[in-house]
Structures are given as C-alpha cells and as structure tokens.
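Some structures to go through are shown next.
Heads up, the next two complexes both have chain A, just with different partners, chain B and then chain C.
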Partner chain A sequence: MTSHSAVGSAQKDRAATIRSWKRRARRLTPYLFILPKIAIFAAFLLYPLVQAVLLSFKGGAILSGMRNVGFANYRKILDDDLFWIGLRNTAWYTVLVIPAVIGAGIGLAALLNQQIRFRGVFIALLIVPSVASTVAASLIWNYLLQTNGGLFNAALGLFGVAPVNWLGTPKYLMPIFVAVEVWRGAGFYAIIFLASMQSIPSHLYDAAAIDGATASQSFRLITLPLMRPALLFSTVMATIWNFQLFDSPYVMTKGGPGHASLTIVMYIYDRAFKYDSMGMAATMSIVLLLIIMCLALLQLRLFHKEIQF
Partner chain B sequence: MSAAGAGVFQSARNPRGAKTKHIAVYLALVLACLVTAGPIVLLFATSLKQTYTRAIDFNSLIRPDFANYRAIWTELQFGQWLMNSLIVAISVTVLILFLDSLAGYVFARMRFRGRDPLFAVLLATLMVPLPVTLLPLFLFANELRLINTFQALIYPALAYPMGVFMMRQFIQTIPDELDDAARIDGMSDFGIYVRVILPLCVPGLAVLGLYTFMSQWGSLLWPLIVSTSERTRTIPPGLATIPGQFATNWGLTAAATVSSLFPMLLVFVVFQRFLRQGFGGGRSTKG
Partner chain C sequence: MTVHRREFLKRSGVVGAGLAAAGMLPRVGQTSTASAQESIRLTVWKAPHGAGDEQFFQEQFDKFITDWPNVEIEFRSTPWGAWAETYTAAFASDSPPDISYMPNAYFPKFAEAGLLVDFDTLETVDLAAWKPLFDERIWSLGTRGGKVYGLPFLQAGISFVWNKALFAEAGLDPETPPATWDELRSFAAQLTKADGTQWGYGIEDNSTGEMGNYVPVPIVNYGGELTNEDDTEWLATTDGHVQGLQIQVDMILTDKVAPPLGTFAGPEIFTAFADGKIVMILCYSSNLQQLLADRPEFQIGIGMPPAGPANDYSYGGVGYWMIAEKSAHRDEAAALTEFLSSPDVVNAYMTLTGLFPARTDVQPFADDPVQNAFAATQRNFLRAPSLPFDYFGIILPEYESALSGQQSAADAIAISGEIINERIKDGS
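Up next, the complex of A and B:
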C-alpha cells in the first residue's frame, strides 16, 4: 500500500516525536521529583507561616470567633510582664548554654582526637545521654536534684553542707536547665566536631611543630579556624534550638516557682491553650521568629567573613 | 583517620610533657564518661527497687526487683505510648528518607528554573521556630477534625527541610561521572536515583534517618498539643505526666525513663553499622 520510503519516513517521524516527548519529560523530571516534598513543605510549613502572621493581627478566642485588631496585640505584649519575664529567662538561658554546650563539644572532641585507645568505647559512653530525649533527660535530672535523697544533695552532705532545694530556688533554675542540655547535648556536638577535626591534614600540625608552635597555638591557629564551617553551623542551629526552650521547664518545674522558669515558648503555649488567646500567642510567636532571625543573621554576619575554605 | 591526633599535644620542645598530658587526656575522658553514663546507671539501679534508703545505692543491680517494669504497663499507659511513638517515628523516618533524598538529588544534580530561590526559601525556614507554625497548624487540624489523629502527628514533620539540605550536601560529593555512565547505558533519571545514587548515600541516609528518628522519638510540644487522649499519645507527653501523678515514685519514674531509652539505643546500634560503612571505604571511581 505504501512504498518503502514512505514507511521509512513515517517511522522516522514517530521516532522523532517520541524522542521529543522524552526530552520534554526529562525537563519535567526535576519538578516531578521534588513535587511531593515541596507540596508538603508548602502545605505544612509555608502556609501556616503566612497564617501565623495573619493570626497575629487577630484578637478574640477560637470559639467566640476572631476578628482583626491591627497592631493591638503587639502593643499589648509590650505591656505584658510575663512576656518580658519569659524573654529574660530565655535570653539568660541561651547566653549561658551556647558557650557551654559548644565549648564542651569542642573540648570533648579535642580529647577524642588524641591518639588514644578505646576511642569507640569513650564515644559510646559519651553519646548515651544524647540518645535520651529531652523529656527523659529532664526526668533523670529531676531525680538527681531531689531535695531529700538526690545525688547532688547527698554529695553536699558528705561535706557537711545542708541540702539545697535546687528546683525551688529561682536563681538556680536556668543554670540547671543549662546543665541538663550540656549533659544531653555535648556528646552529639562532640561527634560533629571530631569529624571536622579529623579532616584537617596532619602535615599542617607537623609544619607548625617544626616552627616551634605550642599545643595551644596549634589549636588556636590551625584547628579552630579550619573548623569554622562546622562551628558556625552548629552554633547557629544550637541558638535557634535553645531559644525555644520548653521541654525541661515544662517537665521539671512547669514554669515555677512563681514564674521563675517561664520561657517564651512556654508562655506562648499557655496563652494559646490555657488562656485561650490564640491571637496574642501568634503575635508572640512572630516576635520570637524576628528575634531568632536577628540572632541567626547576626552570627552568620559576624563569622561568615572569616571562613577560609 | 587520626590525622590531627599527634599534633595537638606533642610539640618539638617538650616530648616528655607529652606523656603526662597523655595520661591527663585519659583521665579527663574517664571523668566525662562518668558524668554522662553514671546517672543512667544510677537510674537503672533505681528502677530495680521499691524502697529508697540512700541516694547512691547500687545493691539493686545485684538483687533486681522488676516490679516497676511491670507497673509501667499497668499503672501508666506505657504500652500505648510505646506503640504510638513507634508508629509515628518509623513512618516519619521512612517517608523523610524517601522525600528528602529525592529532593536532595534534584537540587544537587539538576538545573531548573527557580532552583536556587526555592532552595534559599527552604534554607531560610530552618530559622522558623516551632510555635509559629504549630499554632495555625492546630487551628487547621481542628477545622479538619484531625486533632488526635496520626495524620496530624506525621504530616507536619514531613515538611522540615533540614534533610533536603543534608542529602544535597552529601550527593554533591558523589562524582558526576557515575550519572553520565549510567545515562549512557540508557538509565532514566529515576533509575539513576535508585541504582546509582541511593546505594552510595547509605551513610548520609543513616545519619538523616537516625537524626529524624531521634527528634521524632523525643518530640514533646506538638504531640502535647495534638494528642488529647491516650489513643494517640506518644512517649514524651506520657512521661511528662509522671511528675504530676507519681511525683515521689522514683522507681516507676526510673523504669519508664529507662524503657523509653531502649528502643532509641537499639535504633542507634543498628544505624551505627551503616554509618561506619561510608566513612571507612567506598571508592566508586578509580583514583
């Protein structure tokens, strides 16, 4: 019915069409592959984020209906004592915990980086608290800090010191939470920093030793600077995470005594679910977002310039 | 591997001081391990006894009494909490590994319009604190009648972009030539993802999987908000109720806490093997 050449060219056309479909499909592939993640990300992170901003301008309660009140919420929280108490507690905690936990991580990593035996055993033992959730760690420290029969007071008793009501003394509370987080987190950071330290070529240290550098000089001038990306990333993430302190105070003291251990996130939670002011809770969460953004960007700014390679 | 080990404490000037420093290192590490592991051992000892005499009492390790471990199933709802935690943590981990490695592959290898701005958006949201999105999510779930359901516990966790960032980082270290070789052999992009990239990603996946499981296992705030009954309550909110109800029953508290650590330790041990696989060998190209 058709000549050979006609069949040949029809086949060629079909082949060419299929090839161009495939080309178009390949161009679509990236979009297809990331679609599930991006869709979920948009629905459960971006959309709520936008909603949160809108919510921060609303007043009223969930059941009775919420209406727009403009910046009234923002003005109200500036007058709210509990907001400032929460902010102060959280800030104080963060200022203490970041150097403590990052410092402990670096210290442990430096120790582990030596030529020692049983490194694996040490790492395993140091990691154990990191495996515990923040809630579990809080319960453990609750136990240790008991006024009667707790480990700390028993130790003090050996020196003839009277038992201390640790969780009942306001000025000890934030440092206690710092201790819990350092106990729980140092091992985790230590592993990250150890990996970073081990990627530093040894000939740098050899060259420094030949030049007569001391151990601490090597550490300050070679190790730390070359660890900067890992250090910076960990510090920024640790700041973001720790400024949202909630778990330990919630489990150990529920914000008390009085409001001595109230943190910002705890107060947001109370406002939203205990006092039923969702709008104000949202407003505070936006303020929290702004604070964290500033802290993170500040840290990035300060240290980014000095990353060598 | 121990590249920098020699450098830090040895210096050409004082080789003898190095020996004392060496001992000091061991001492410091032993001390640190006592601090980290000691309380856990003490906790375990406490979980094995019913009456408390002295603060530091390890006798129960020799003569254990497992009554508390039975009690957490009867007095508390530990069985329910455990099952729920497993359901949520495993689901989220498996799904995240899939979603994030696929997305990480795209961002690492493919070029398309909007790639960099999109990635920047993902990165920027790492700064967003939890409460910001949790409040609207709660209202959202409330409207859809999804409060106290597993969907509410699982879906929001899948949105977190950290894994995409990690996988992209990791995949960038895999040489492009492998992709090209596979493509010449006629493999589709998905085929390359499954047969070439994924197997080489095992250590990266292990880290991400471990990290995701760990954060889901210990997640308190969202489950606290969303689980209004024991039906979907996970371990952390469950444990958090103990100080209120059983404030002085340290044996019970200790048993519950230790039990919550076991599954996590198990997962850790299992994943360890996959972690070591990557950091040790694994050369996929010549030279």
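Up next, the complex of A and C:
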C-alpha cells in the first residue's frame, strides 16, 4: 500500500469516527435537555415516594427511633376508624364538588364564548380566585361564615333569620367546602373549557342550524361531545386534586367539630406530626395514592373515546 | 453568519450546562473555616401568650446583645394550634431552634429522645443557685428521669370567673360562686336568657387548640386522674369521667345554658364574657387582662373552678426555656436562657401578659387586686400526663364531637381512651 492511500485511509477512518460521534451526540442531545426535569422529578417525587414506601413498613416514633414492622401498618388501617371517617368525608366531598365545579366551569365558559364587551377583563377576574393563596381565601371565608358578625349571618339578619352556626354544624360543612372550591376552581376550569369550545369548527354549528337545531341542542349534541378531551382532563385532575383536600378544612375548622370535616390528608398529617406515627402516615399516603390512581385510571378507561363528526 | 437551529440548540445546551456546573462550584476565595469574630446566630421559638410577644422579646434581645455583640438572635412566634407538628418536624429534621419555650406537658417526648440538653451538663449554668428560686413542684415538672431540662419561666393556671353584676341581677349572691359543677349547672339555668342574649356558662371551642385547658377539668373532677403515676396507662375511661364530660354536653345541648361550640370562635368567647353575653367561664388571667382594662366598670368575681365528686383540681402548667441538643452554641444559648429567666425580664413579661412568674422572688402584681385574686387561684393543678405523643390531639376531637352532639359522651371517653392506651402500648 502506498503512503498516499494509507493517509487517505486514515482520513476516512477519522471522518467515520467523527460522523459516529456526531450521530451519538445527536441521539444524546434530547436527553440532555430533559435531564434537568428528570433530575427534579427524581429528587422531589421519585425519591420521596420510595422513602414513603419504605417508611410504611416501619413503626414507632420518629423522634425516638423507628423499627421494621412489616405489613402491620397496612393491617392496622382496616381497624382505624378515623382513617375510614376521613376517607368517607373526602369521598363525599369529592362526589359533591366535581359535578359542581365542572358544571360551573362549563356554564362560565359558555357565557364567555359569546361576543361580549370586556370579555378579557372577565376572563382575568375569573382566574383570580384560583391564583390566590388558599390559606388567605380560607381565612376570608372563615370571617364571612362567623356566627357572630359574619357577612352571611348579617345578610340573613336583614330578613329576620337567626344567626346560623355555619362552621359548628356538621351537616353544613361539606357543602361549605364545596362552595369554597367552586368559587376557587370554576374560573380555572372555565378557561380550559373556553379554549376547547373555541377550537370547535364553526361549520358544525352552521350545519346544525341549517338542520333546524336549537341552541341547546347544538350545545348538547355538538359542543359537549367535542369538549370530551377537555372534560376528561378536567375531571381526572379535579378528582386528583380534591381527593387531597387539606387547606380549607385545616384553616377553617381543624377537622371539627369532632371529626365532621376531617379529610384523609388531614388525618395523615395528624398521624405524622401530632400522633408522632410517621410509619402509619406513610402507609395511609400509599393507600391514598393507590385509591387516586385507580379512580383516575377508571375515569380514563370509561370516558376516553374519540368523537368525530 | 447563519446559524442553523440544531447548531443553536447544541450551543445553548453547552452554555446552559456550563452555567449550571459553574453555579455548583464553591466561590473562589471563600474559605470554609470560621473566623474568630464571626457572628453567632441563635434561634428562639416560643408560642405567644399575648399580642405583644414578638416586640417584647425583640426589645429584650436588644438588651442581651449589648453584652454579647457577636450574637444575632432570630425569634419566631409559633402558633399554639400547631405546636406539636411544628416542633416535631423541626427536631425530627435536625433543624430545631437553639432555644425553645416548652410547657411541662409537651417536652417529655423530646427529652426522652435525647433531643434536649441536660442542664447539669452546662458548665456555665449554676443550677444550685437557680433551684432555690422556685417551688419544688415547679422545678420538678421540668425534670425527667432526674435530669433538669429547662429553666422555669412562667406558670399559668385557669381560674373560674363570673360577672358579679349579672349574678345580682339574677338574684344570686355575687360573692358566692358555685362550689360544685352541679351547682354551676343550676346557676347557669338561672342566668341564661331564652332569647340567646345571655348564656349562663361558656366553653371555648377547639378552633385555636385551646379547648384542652378547660374541658378536661370537670372530667377529672368527676373521674379522677387522667393517667397512672408513671403514665403507662390512660385512666380516663370510667363512668365518673363520662359524667364529667356529660355535664358539659348537657349544658350545651339539653339545658341550653351554654352556647353551642362555634357560636363564639376561639378567644371571642372571652370578649363575650366581658360584654356580658356569658356570665361564668373558665379562663386564664391573660385572656381577660386587656378586656378588663378596656372595661373598668366590669365587676369580676375570681375563684377556683368548681369541684366534682372525685376532686377539686384545676388545670395549669409551667413553661420552661430549653436548649436543643443539636445547638452549636450551647454557651451562648445557656447565657440567653439565664437572661430570659432573670428578674427584670420575668417581671416585665408578666406585667405585659398578666400571667404569673415561676420564680418566687418576682411579684409583679403587688398593688393589683384583680391580678392578686388571679394569683390566689394558681394552685391545685391536676397532674398533666407526660406522654411521648400529643394526647390532646386524640382526646379533644372526641370530646368536641360529644359536645357538638355527634356522638355520646360515653363513646367519646371510650374511644379516646382506647386509642391512647393503644399508642402507649405501641410505644409511640
């Protein structure tokens, strides 16, 4: 082999190597971009989740040292009345709040989907409750609902109605928390639904009008079905978020009177920090995670269906 | 020069990665060793006994640092309602405050876990000089297993107060309060107006976590102690204890001589008392100090709580300044603790709050007849259990549930007793 062909061969090898490194770099580049997100996910979600699972197999007080107890915590949950009370209260609240907040969101979106003046201002105002601090909002609702001097009782007093002990009467508590969440969340969902409504092709409504459909028929048979992806997303997210209700009852009633407004997350919190039983709290958290996952999967399975016209 | 999108993204990624890496490097020129003149930071946590707590302690710290100029003090007022979780989280995460104010009923779990400093180990503190300044009972409540864990700061016990003018109006002797809980129930019936403008007796709800100061008192007066001597068994499960809760349930739900829980939210009930809407109530002197100052015409009666068939115990406790084992500056923390327990600071704080000093050589209320009357009731406290978990978090929701009619008093007593005994058995 001549030196000229040897040099040429070396150059070809080097070029091939460079091309190979460039191919690898191209393949790796996307992973480098998602690496920060993966790192945050691993550090703040995955690692704590793994630790929680490991903690669910331990018992004892966190201050004086914990010991392995196997599945004892999971068995204890079955006999823990407060766990079932918290779960029942939370489930009842979720069943009430989801149709209310989704319905309110759809209604508001339908109103905003008209050509009205200052529509942008109304949209901005709708989003304010959902970005406000939940604690601050709960404190304000506390003042509004006070038996003595609260705004609601003052308004009732104008009609000669005696003051109502809103936060001290168990049967009013869940409807009150539903009302707080509808006030807080309806605007957020309305924005999502408004975007969905505006993506529906107008020719479908034109065709329906030609066929003699009324406005409510168009809404029921065109708008709602084509909003299915947005409705599914909102329902699943609302279920996940509302099953973790904590802020409002913690600020407004501390789970009382008695256990009337105790939610499952509040009980997990009490178990961890007041009862100093971190193992049981972790166990309940894992059980709650599984419950929410099952509910979300069930909703996705039942309501995921393509709609085409 | 044209830069293609892919090339731009690659270069941006390299720059971003470089910046991130640079951010993680230690700063050039900065050493990790502390200099001799470096400022020391001490953290002090305390739950408030009045609205002026933060300002008061800030002023005291300003005085302290004139002698300790290299010490910087950060004060945090921690809410009573979240006391257990705040301090448990802090100690469990190895980031406790250097100095904590802890009541005698709350500190044992931290002491037993080895998280508080035994004051005998502090070379700069002469315990032999401190001990004679306190009652033996007060000193001993801050010990555990023979070790001294804190310097006593204040004592606070509840008193029974009544509105003398409304007593007279109802035909009752304003100088003779009810001697027993049964008598109180009878008095309350005479003092309650059907239109809801005046209630004979009032019980603070649990919205601020304070209900535990009052509701257990008749329970103990009827049934006896809450736990056995060594706190290995919860005893508040007898018919007597049920009767002590039941009489309170009856006053709210049956006799309707006490307002339903939540009618007056938290400390509003003391304002209701000062405004003549409630005639008799259990309270701390600090609950009424400002209210009475604003109402100089109010005729208040002050005495010991009524008695029950088992005993006539009242409720109260002692608060201590305690140092965390994790504190990196024990000498400075010890000095600050001694400063906070000094006569001047104690005198000023008791004057501010209307509470009572733990040390016997400080008498802030010598010329105040009302405070002297409150001071006379600071005795005969029931023995507060020292359990390694927050038992109030277990009993109060159950008792509150009975008081609001959601379950019977018998169930509330039984369920809370069962849970607590199970926790004691579990060791957590």
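Just so we're on the same page, the second predicted complex is superposed on the first by the 285 of 309 C-alpha atoms of A that agree within 3 Å, B and C clash if a C-alpha of one lies under 4 Å from a C-alpha of the other, contacts with A are read in each partner's own complex, and residues count from 1 in each chain.
Criterion: a contact is a pair of C-beta atoms (placed from the backbone, for glycine too) under 8 Å apart; a residue touches a chain by one contact, two chains touch by 3 or more.
The structure presented is a predicted model; accordingly, all values stated were derived computationally and were not measured.
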Is this a clash or a fit when chain B and chain C both end up on chain A? clash
Touching A:D13, do we find chain B (first), chain C (second), both, or neither? neither
By the touch definition at the top of the document, which applies to A:G59: first (chain B), second (chain C), both, or neither? second
Going by the contact rule set out at the top, does A:D270 touch chain B (first), chain C (second), both, or neither? second
Does chain B (first) or chain C (second) touch A:A260, or do both, or does neither? second
After the superposition on A, what does A:F33 contact: first (chain B), second (chain C), both or neither? both
Chain A residues in contact: does chain B have more, or chain C? B
Quick one: classify A:L167 as touching chain B (first), chain C (second), both or neither. second
What is the contact status of A:T147 with respect to chain B (first) and chain C (second): first, second, both, or neither? second
Give one of first, second, both or neither to describe whether A:D81 is in contact with chain B, with chain C, with both, or with none. second
Chain A residues where the chain B and chain C footprints coincide 29, 33, 36, 62, 142, 146, 269, 272-273, 278
Chain A to chain B touching residues, read off their complex: 26-27, 29-31, 33-34, 36-38, 40-41, 43-49, 51-52, 55, 62, 108, 110-116, 122, 125-136, 139-144, 146, 149-151, 153-154, 183, 186-187, 197-202, 204-206, 208-210, 212-215, 218-219, 222-223, 237, 240, 243-244, 246-247, 250-252, 265, 268-269, 272-273, 278, 281-282, 284-286, 288-289, 292-293, 296
Chain A contact footprint on chain B (complex, rising order): 1-13, 21-22, 25-26, 28-29, 32-33, 35-37, 39-40, 42-43, 46, 52, 54-56, 99-100, 102-103, 105-107, 110-112, 115, 118, 121-122, 125-140, 142, 155-156, 158-161, 164, 189-190, 193, 214, 217-218, 220-221, 225, 235-236, 239-240, 242-243, 250, 253-254, 256-257, 260-261, 264-265, 268
Complex contacts: residues of chain A adjacent to chain C: 25, 29, 32-33, 36, 59-65, 81, 142, 146-148, 162, 165, 167-170, 253-260, 262, 269-270, 272-278
So in the complex, which bits of chain C are touching chain A? 9-10, 13, 17, 20, 81, 84-85, 88-89, 91-92, 109-110, 112-113, 115, 196, 205-207, 209, 260-265, 268, 272, 388-390, 393-394, 397-398, 400-404, 406-407, 415, 423, 426-428
